[in-house]
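Accompanying notes for the structure given below.
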Amino acid sequence: MNPIRKCLWANMLLRLSMMAACILLTGSAVFVLQLEEANAVMPSGEYGKDWGDPKGEECVMCHRKHTPGLYTEWNKSKHGQRGVNCLDCHKADGKDKDGFRHKGQLISIIVTPKDCARCHTTEFEEMDGSHHSKGGQILASLDNLLGEVVGGPAAVNAGCKQCHGSEIEIGEDGKPLPTTWPNTGIGRINPDGSLGSCTACHARHRFSQAQARTPDTCGKCHMGPDHPQIEVYNESKHGIIYHAKVNEMNLDSEKWEAGVDYSAAPTCATCHMSAGGGEKPTHNVGERISWTLRPPISVKNNLVKLKNGDEFDVPEGQPLPKVGDKAKGSKVVEILTWKQRRLKMQNVCTACHTDSVILGHYNQFDKVVDLYNDKFAKPIAAIMDDLHEAGTITKAPFDDKIEWIWYEIWHHEGRRARHGASMSGPDYTWWHGLYEVAKHTYSDFIPELKKVAGEKGAKKLLDKHFRPIDGHKWYFEGMSTGQLDTVRKGFESRYGKGSLK
Amino acid sequence: MNPIRKCLWANMLLRLSMMAACILLTGSAVFVLQLEEANAVMPSGEYGKDWGDPKGEECVMCHRKHTPGLYTEWNKSKHGQRGVNCLDCHKADGKDKDGFRHKGQLISIIVTPKDCARCHTTEFEEMDGSHHSKGGQILASLDNLLGEVVGGPAAVNAGCKQCHGSEIEIGEDGKPLPTTWPNTGIGRINPDGSLGSCTACHARHRFSQAQARTPDTCGKCHMGPDHPQIEVYNESKHGIIYHAKVNEMNLDSEKWEAGVDYSAAPTCATCHMSAGGGEKPTHNVGERISWTLRPPISVKNNLVKLKNGDEFDVPEGQPLPKVGDKAKGSKVVEILTWKQRRLKMQNVCTACHTDSVILGHYNQFDKVVDLYNDKFAKPIAAIMDDLHEAGTITKAPFDDKIEWIWYEIWHHEGRRARHGASMSGPDYTWWHGLYEVAKHTYSDFIPELKKVAGEKGAKKLLDKHFRPIDGHKWYFEGMSTGQLDTVRKGFESRYGKGSLK
Amino acid sequence: MNPIRKCLWANMLLRLSMMAACILLTGSAVFVLQLEEANAVMPSGEYGKDWGDPKGEECVMCHRKHTPGLYTEWNKSKHGQRGVNCLDCHKADGKDKDGFRHKGQLISIIVTPKDCARCHTTEFEEMDGSHHSKGGQILASLDNLLGEVVGGPAAVNAGCKQCHGSEIEIGEDGKPLPTTWPNTGIGRINPDGSLGSCTACHARHRFSQAQARTPDTCGKCHMGPDHPQIEVYNESKHGIIYHAKVNEMNLDSEKWEAGVDYSAAPTCATCHMSAGGGEKPTHNVGERISWTLRPPISVKNNLVKLKNGDEFDVPEGQPLPKVGDKAKGSKVVEILTWKQRRLKMQNVCTACHTDSVILGHYNQFDKVVDLYNDKFAKPIAAIMDDLHEAGTITKAPFDDKIEWIWYEIWHHEGRRARHGASMSGPDYTWWHGLYEVAKHTYSDFIPELKKVAGEKGAKKLLDKHFRPIDGHKWYFEGMSTGQLDTVRKGFESRYGKGSLK
């Protein structure tokens, strides 16, 4: 038995006897902790080759003293309990440009998905090529232009890139430059060319499945004015029950199949990644998503998977390749239409819901996206096109106030409405969402349009793009006296005469 | 013993022996779970008549396979543990327009409060007639006009109605139309004419009391820019201690009397619904509320209860009927003045607080509402009246920008200030609340008033409605040099000379 | 044995035997509860003199009946378990102006830090003189002027002062006036002249260390649009892991040393107050803070501690006294430069992190503050100075719209960016923070500047203060065609041709 293993087993024995005492003295907390460890399974890979490097003992013994919190988290982890030590993950080889000598060992600070893939191959392959892994490629986006130019690089570094991922730059000493590190963005561009960061979700050095499955984990990035998924979830029935019954959620289960290992409520991971309703688990987190709710105008996306592990979306209505076709320097190996993607999600729903609930939900969700698209996004986008075309405003984004208004309508408020509807958060659908879209359309966008295009020019554009749409009828023709009287009467019966000011 | 009961008892026995093993093997989590079940009491109603239909076995056995999560939640519930099965709640009769044949049984998807009332009579009667049950009657409100016309029906469906309740429409096949279902709004208008939805709070199919008592349950609807009760609660001392000590809250207790069954902190349910300080529990959630904080101008409301189970509010100062009087097609059976309603709430406070805290709180709360009413809401409402009267703006709401400004001042920001003060959330009282009211009054409402009424017209209106109010003196006469100098000096002593820009 | 102690010990015995039963019958919840109590240590001070007044038995017996929740919380507390009773804390003496007779005893409602200091001397001394204790001294601040004059005193009472602390006023009957009580603001000005309120964090009457250490405790005040520390924490990795692993956080530990007693994640208390990485615990909560992120322009602050227990900050670059010098009516006893303050914080980081993470974090954080300071705050403040100097706007704050805009840029949005970066909350750094700063600078501040100073005057001011700054180049010279084409192409490859509107 190598010394580290011996030390770990001794530790285990000590803990086991402590555990016995603990059952009598301290109850469940420690006990549950031990349980998680007892459940730990062997990673794939070969002992002494892929993990369990005996030279790691020295690392462990020293970090135990100098970064005790880090050591303890590692020791409690499945890695720690099985002897996967510092060196197994942090060991570098001569070709790594981010390798440097530390206490006699050639190591690298950054552990990349490629490193993790030595044991966790399936998870790596599912993640690689997914939307998540491409989060770092936001260079060619309006958001990045906004961040770098209008904000400033320091804000992009500590803001955008902490979720999207930075391109890690390595100094002459083999260590990451402090401007690009620490970074745990989901689409980090690593020195070895791999994309992503496993620790984005599996926080180091415990790498707890239970933690990775909590909604808060996703909420680090999926939050805020432009994509408040965690806020929507917390408002939803799913979130309410999760918070009430998290102790029954069995979050540490290896299999964690919805309806089988737990039943109280789903977390984000349940619906988007985990097993349930006959679906297999996957680290390709976008696979079950049928709408894209991010762009100015939402579309339903078919998914094309390639032999080289990459994949891309093809919007509904656009020509779709066939399995076997060449595409983007590789070969198509699988196609999931948006209907098939949706079916995968709906299968998970069936673990807990019957058809009437599932289909009713999608009906209501689709109609909100259609309302947003057709009443607001399309006509406004068309007017913006016309303004740019006519040179009324410059082609540069963000130098005209009307561009900020439109940007927030689709990028912030319109997404909130769409995300709210997608996950049953009524307040986000309406007050944080479509209410704001409507308010800013009528009370900000149109007034600003009149400023930049003149009353006459604005009228022409509104007549062309807004008037044909039924939902804007009230704006052109006023509300009917009947509608107003009903409201006034209802109001007065609740709050007293004259209460509708 | 009928087969289902037998199966349930066998299951119970199996679980009991598993439980014994679990104590040794898995610690407390499972154990606590069993406890909750062991505590389950028999519902009222008669076995074999009101519940426990033997034909339900087939439903159970099939759904166990096809919707395992739903089955498990039911099985863990008091219903499941006592044999109240699918058919007991979902069985329809020939007269139900939402009945349809499913695997040989005539069933209905929607379980209405009337269905639940077969066993839970008291809770039904308390809820029926309350403000909650009338949540679906928002047709005659400004908010609904805003939603339907300015937003769009799809947003009302997935937004407003998911909290307020939709009117469920039934298709030719006896199933609810997907545009109106799923819906668990508190004031749902059901096919059998009953109002409300028990599952709004008691999430199916576990119907856990502990879950219904969590603040998050109320927060599904009582959240967001226009009524952030859950945000206020979470900020308050009550919320802080609740989150720290939720494990001591005894949320599963049958009686759950404040100060007796638990003492750490109250949840929403504690103060508004539950037993404590001598008060009996009630499902009439508005009974202990003395102010209405929703309308543009807050009033204190007396409550009139009728023989037919209905009730209505009469604002302080308006004529109040007497017990025995005829009213709204029925007879007055009880009157609670706003002072009596407040006393009920204060009685609950006494479970944990002494008089100085309770009376001081109400003093501070009342004064915030008065400040909001008298300094801001009343004069602005009066100006809006004058503008409408004079035809300066149209009678249609929301087609003039000033109408949006006033709407958000009372409906969003003014409510936040009032709710913040009512539940001791200082940040909501000020920064999210009265600060926004003041800012938008001075920097949005008044400038917009000058636009629509002209400088001269605005001056006249402000002189009439704002100038007589002491709190606006600074606006007309400037701040005194003394005030400004004090501030400047204080600022510079903290941040250095010239720091007050 | 005095009667109360006897009663408490009898109670203890009863509980111990109940506990034995509980292990068999109810599992861990109750057990953990007992544990916390069993851990309770004797406070310092002398029995029968500083605490344990036998006359307190009568208080206890009566409040047990009349405020059972209060009694129970006290009884579960370390105080209750050790006999520190009502009278020990609430007893007044003849000189106290807030003393009054209650059931034969001279008592005071308010327990001040000076009262607590009879036993908890060290904590009192660390707190006294700190920034926290001075929270009530906001009279000479812009915020207070805003609150009192623009808002109104009632809102200051129920808002600002509930966090900052009110000056408690005592009525003729010796009881606090309801306008100033209840108040648990951190800088409360007490009738005995002491500053602060221990119950601001240690909620009465349990005074639980575990509760005081939860982030929610700090979040009561450190939240909202102008300093969303709790929101930033909850978004950060620290917060995510805390919520996932709170059961392993050992929050009741007496010592609670980071990396030793717990390792999952830090709470606010960990970094700002507690033991870890060789640092001793302290109730001087600002000691480890190197930047002040509150004022319009951030500075790094050196800390000067005085013999009389007071202390003050000296911004970097300003003359610093030496140990032994006279200052502010006392003598300098210790100086912590901003670098030493930062080192203290970084020492705590080392409990869990290695240097590359710690130094990289501070590098990224500093750069965000610099970006905020240099690109936005300094030039805008300079323009505001020029406007005031030239008389373009009045010296009174808040009567010109441009003053509201600048106020929110630094006080709300600019703080959010800085706080976001300081605690690794990317969404607050960018979307809630610097994005809003930039948006309001370009689309609100500059347009408003043109209104008040005219196009020509605005151009002159912008040329003077904005044009020399590289980050504003795009505003004056437009974005390059190259930049725009890259963005357009990236956008179209993701969302389809023409998608960048």
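Letters are used for the chains, namely A, B and C, taken in the order the chains are written, and counting of residues starts over at 1 for each.
Operating definition for what follows: contacts are C-beta pairs under 8 Å (C-beta built on N, C-alpha and C of every residue); 3 or more make two chains touch, one makes a residue touch a chain.
As the structure is a computational prediction, the values presented were derived from the model and not from experiment.
Q: Draw the chains as points, connect those that touch, then say whether the picture is a line, ring, star, complete or other.
A: Graph shape, chains as nodes and touching pairs as edges: complete.
Q: For copies chain B and chain C, work out whether under half or over half of the interface numbers are shared, and give different or same accordingly.
A: Here the answer is different, because the shared fraction of interface numbers falls below one half.
Q: Starting from the mean Cα coordinates of chain B and chain C, work out the distance between those two points in Å.
A: 30
Q: Would you pick out the residues of chain A that each touch at least 2 other chains?
A: Residues 27-28, 32 of chain A each touch two or more of the other chains.
Q: If you look only at chain B, which of its residues touch chain C in the complex?
A: Listed in rising order, the residues of chain B that touch chain C are 27-28, 31-32, 35, 234-237, 239-241, 243-245, 247-248, 258-260, 262-264, 276, 350-354, 356-357, 359-361, 363-365, 367-368, 370-371, 375, 417, 420-421, 424, 426-427, 429-435, 437-439, 442-443, 447, 471, 474-475, 478-479, 483-484, 486-487, 489-491, 493-496, 498-501.
Q: Which of the residues in chain B come into contact with chain A in the complex?
A: 26-29, 32-33, 66-73, 76, 109, 139-142, 144-147, 149-163, 175-176, 178-179, 181-182, 184, 203, 206, 208, 210-211, 214, 216-217, 219-221, 223-226, 292, 295-297, 299, 315, 318, 380-381, 384-385, 394-399, 401, 404, 406
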